[in-house]
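Two complexes follow with subunit A in common, the first pairing it with subunit B and the second with subunit C.
Right, the complex of A and B next:
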């Protein structure tokens, strides 16, 4: 029972982690808490729905198409809603992200209606039993892809020139610009990467939780809680925060009370903010 | 010459107009106010409410109206927001001066707007708001045709215990008024039958991951699961239970009935049982229901849902009450006549209004068939 709950928590936790990565990236490059992250996940899920279900494109081709579409929309949104406010005060930029989220969500509701869409299972939903332990292949894939992406992102940021430039621009825009880094391009790239990561998170959960305009709201908030939990400055922390949150939620639901499941996630976040404001993996301030 | 001719023409036209208007306005029409969600998330439901009432009014007028007067309706949108619902009923009662109000869908809205009709002394019938509180606040002007959640929850528990012979049932409910209300009745009814639920699990109304709850229920060894929620969450629970190997009968209330349920949950929804008060199946239907289904289909080209049927019956019961009242249509008298409704053969079954203003009625249990679609499994014919 305990192990089973842990396994379930791991899968949903890696989805939270992917969204948390988006928050971390946006915080580093743009110095803004971007509350439209959940809606990026929703858009990703809808792109996959459009390509795979509506247009009946094979899933192996639909995936890259949906990722490309996510990147393109990320680029457009950055140009329309984020770029014009680069020099604005922090609070204004924060509000702009909330506004962008509301706009996107309602746009999708107008286009697709408020009802959820079913999504076919991609990875198989019939559980495999290892003695009493039940493993749903779908959850295995979600966890695997989540971790793989987090590792890839880390390698990209640490090892490639582009990644280094992104980090440099995040640390000190002016100095980075003096060193010949195109800061604005670098910020755009960060936004696109964050949107794609969110989009993939959305695609991964589409078969589990259906696709609808509102699907990003709660999951976006959980991603935020995961980012705060792990440390808003740390890529590894985001993933760790997501996993901890996912597991904590499932254990709370399984052993304490399912009525307080969501409350526990946010209580955990508040506790971390009080006792370790820089997050579990963050440096001490 | 020309001028005079034209003048004559104008005069003739005026006289004609006067005659016509005296025909139309000789007896002023009876005004019915409809309050319903006509925009927003529940617009579909509001739409079938208006359609059901409009069909009833059309048939009443075709048979000469009530006391020789035609019936007209005014529909106001409440967007499923209690404050807007109050405004809408205020407008109907004080501006349009309606003789009665029918509506609305959302229970919280009905609870808010029924205060207006109470103060003004206007009879009101809500076709489908199901919160038990509505008829238990001592407001004599409000009536309800839908079976309340109390009645529905009791019916499904009775079915589970008496027909399916289940012993170890678990409950999942969404943590709001609707869910907790249903859960409380299920727990109470099980207790009356000498049973104790093996697990009672809540979930957030917008929660997606139900695995913690489902695993707990599975571990408790449940042989049946009641879920008090709407169809979208119901589909999630169905799908995730099957995925996590919980293969017990799934049961619930009227909120689960929707073609979307099967579309979303697929095979996992097959066999799901829930309560319903009207079901558009012309074969198993009473003669009244059959006539209604056909008339509705002819009028709108679609099959009626339970909401349209409830709304239709609301208008018909109101019309009966008005016919029994004198031609002056004293509102108090109309109210008393609605309250006295007994064994009325409506399209949603035989209806008797009880002392609270609730319709005492038979409740159906319907089952999702393999491959989609519904069948009535209770009462057996």
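Right, the complex of A and C next:
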């Protein structure tokens, strides 16, 4: 039972982790608490739904297509709602992300209606039994993909020139610009990467939940809690925060009450804020 | 010498405010008017925090909800008089703000926003799940409507006198705070926390004070809401509600008292007008918010101040603040 909850928590946790990575990237590069993160996940799920279910494209092709579509919409959103506010006051930038989120969410509601769409399972939901332990292949796939992406992102940020430029631009815009880094381009790239990561999180979670216009609100908040938990400045922390949140939520659902699942996630977040504000993996303030 | 305009300004506004029920008593219009008053108080309460100290809350609906449920519960379950409900709503919401503020306001930056976001979600979940106290998702029915002497304020248009008066009292208190020593200390923190501390201002103390006052007013607004619709359910205090309060304040203009009121009234009425476009309503609402913060970052408050100066004839008002902000942001 305990191990069961742990495995489930690990899968959902790696999805939270991917979303949390988006928050970390946005916080670093744009210095903003981005309220439209969850809606990026919603859009990703819808793109996969469109390509795979509506247009009946094979899943192996639908995935890259949905990712490309996420990247493109990310680019457009950045131009319309984020780029014009570079240099504006903190609270105005925050409100712009809220406005963008409301706009996107309701645009999808207008296009697809408020009803949830069921999503076919991609990875197989027939459980494998190892003694008493039930393992759903889907959960393993989600965990695997989540971790692989997090590691890829870390390698990208640490090893490639572009990644290093992104980190430099996030750390000190002026100095980075003096070093010949195109700071604005770098910020755009960060936004697109964050949107794609969010989109993939949405695609991974789509078979577990229904796809609907409002799905981004709650998972966006969870991803944010995960980012704070792990440390809003750390890529590794985002993943760790996601896993801890996923497991804590599943344990709370299994042993305390499923009604309080979300409340427990946020209580955990506030406790971390109080006792270790830089997060579990972050440096001490 | 005071001009005619500045002599008549406030009386005219009061006449317009209290005159509304004489023009129409349509329940729909008067309910909207009441909601506009309540949202004005909420936007103002948030402005005490953001406009004065520069911190902000993304979970203000939590204090609004705590106020509504406090007043609802002690009048329904304990049978206390309604004025006691109003006071208790403010006090309990203020206490909740104090308890959340003490640990989180020590930190700089967006941490209060983060904590309030989580707090808002927790309060909502508790309202839904603590069925024995709050009656859960079904909500609390039979919240009584107040009586003043022989008058029973059980119609939307009669209740309006109470909500309009409440708004006036809150506006008065916020103005008093703004020009007090405490208010000045808070403004100093907003402008430059480090410099304020160097001047001997205990920034944590004042930030917590601002947050407590802010949640107190939000609690009062909650009680006002509960007794207006005589029913409270958790759905009125979801995260989206906090977000719309925040939007009202920002669209009105951070730090502008008339701005908060105009912003709240505008964002209460605009969605109603947009009902004609059906589902596109909220799409346009989102677009309006993005356009407002992009192209009018001072909010409606900036225009109101300009208009006020123009009418009073006190020279050409230039938005020097906007330029300063831009320069500061570019540096």
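Here are a few things to note about the model shown:
Keep this in mind: the second predicted complex is superposed on the first by the 285 of 285 C-alpha atoms of A that agree within 3 Å, B and C clash if a C-alpha of one lies under 4 Å from a C-alpha of the other, contacts with A are read in each partner's own complex, and residues count from 1 in each chain.
Here is the rule we go by: contacts are C-beta pairs under 8 Å (C-beta built on N, C-alpha and C of every residue); 3 or more make two chains touch, one makes a residue touch a chain.
None of these values were measured; they are calculated from a predicted model.
Of the two partner chains placed around the shared chain by superposition, subunit B and subunit C are both touched by A:262.
The partner that reaches more residues of subunit A, of the two candidates subunit B and subunit C, is C.
Judged by the touch definition given at the top, the superposed model places A:106 against subunit C, while subunit B stays out of reach.
After overlaying the two complexes on the shared chain, residue contacts for A:217 are found with subunit B and with subunit C alike.
Of the two partner chains placed around the shared chain by superposition, subunit C is the only one that A:228 touches, whereas subunit B remains out of contact.
Contacts of A:20 after superposition on the shared chain: neither subunit B nor subunit C is touched.
When the two complexes are overlaid on their common chain A, residue A:192 makes contact with neither subunit B nor subunit C.
Touch criterion met: A:91 reaches subunit C, while subunit B stays clear of it. Using the contact criterion defined above for the overlaid structures, shared-chain residue A:33 touches subunit C, although it does not reach subunit B. Annotation: subunit A residues 217, 257, 259, 262 touch subunit B in one complex and subunit C in the other. Residues of subunit A touching subunit C in their complex: 33, 35, 80-81, 84-85, 87-96, 98-107, 109-110, 217, 221, 224-225, 228, 257, 259-260, 262-263, 266-267, 269-270, 273-274, 277, 285. The residues of subunit A lying in touch with subunit B in their complex are 1, 4-5, 8, 12, 114-116, 118, 125-127, 134, 136, 138, 205, 208-210, 212, 214-215, 217-219, 249-254, 257-259, 261-262.
Those residues of subunit B that touch subunit A in the shared complex are 41, 175, 201-204, 206-209, 211-213, 215-216, 219, 232, 235-236, 239-240, 243-245, 260, 263-266.
Those residues of subunit C lying in contact with subunit A across their complex are 50, 56, 58, 103-104, 107, 110-111, 113-115, 117-119, 121-122, 125-126, 128-129, 239-240, 243, 246-247, 250, 254, 279-283, 285-290, 293-294, 297, 325-326, 329-330.
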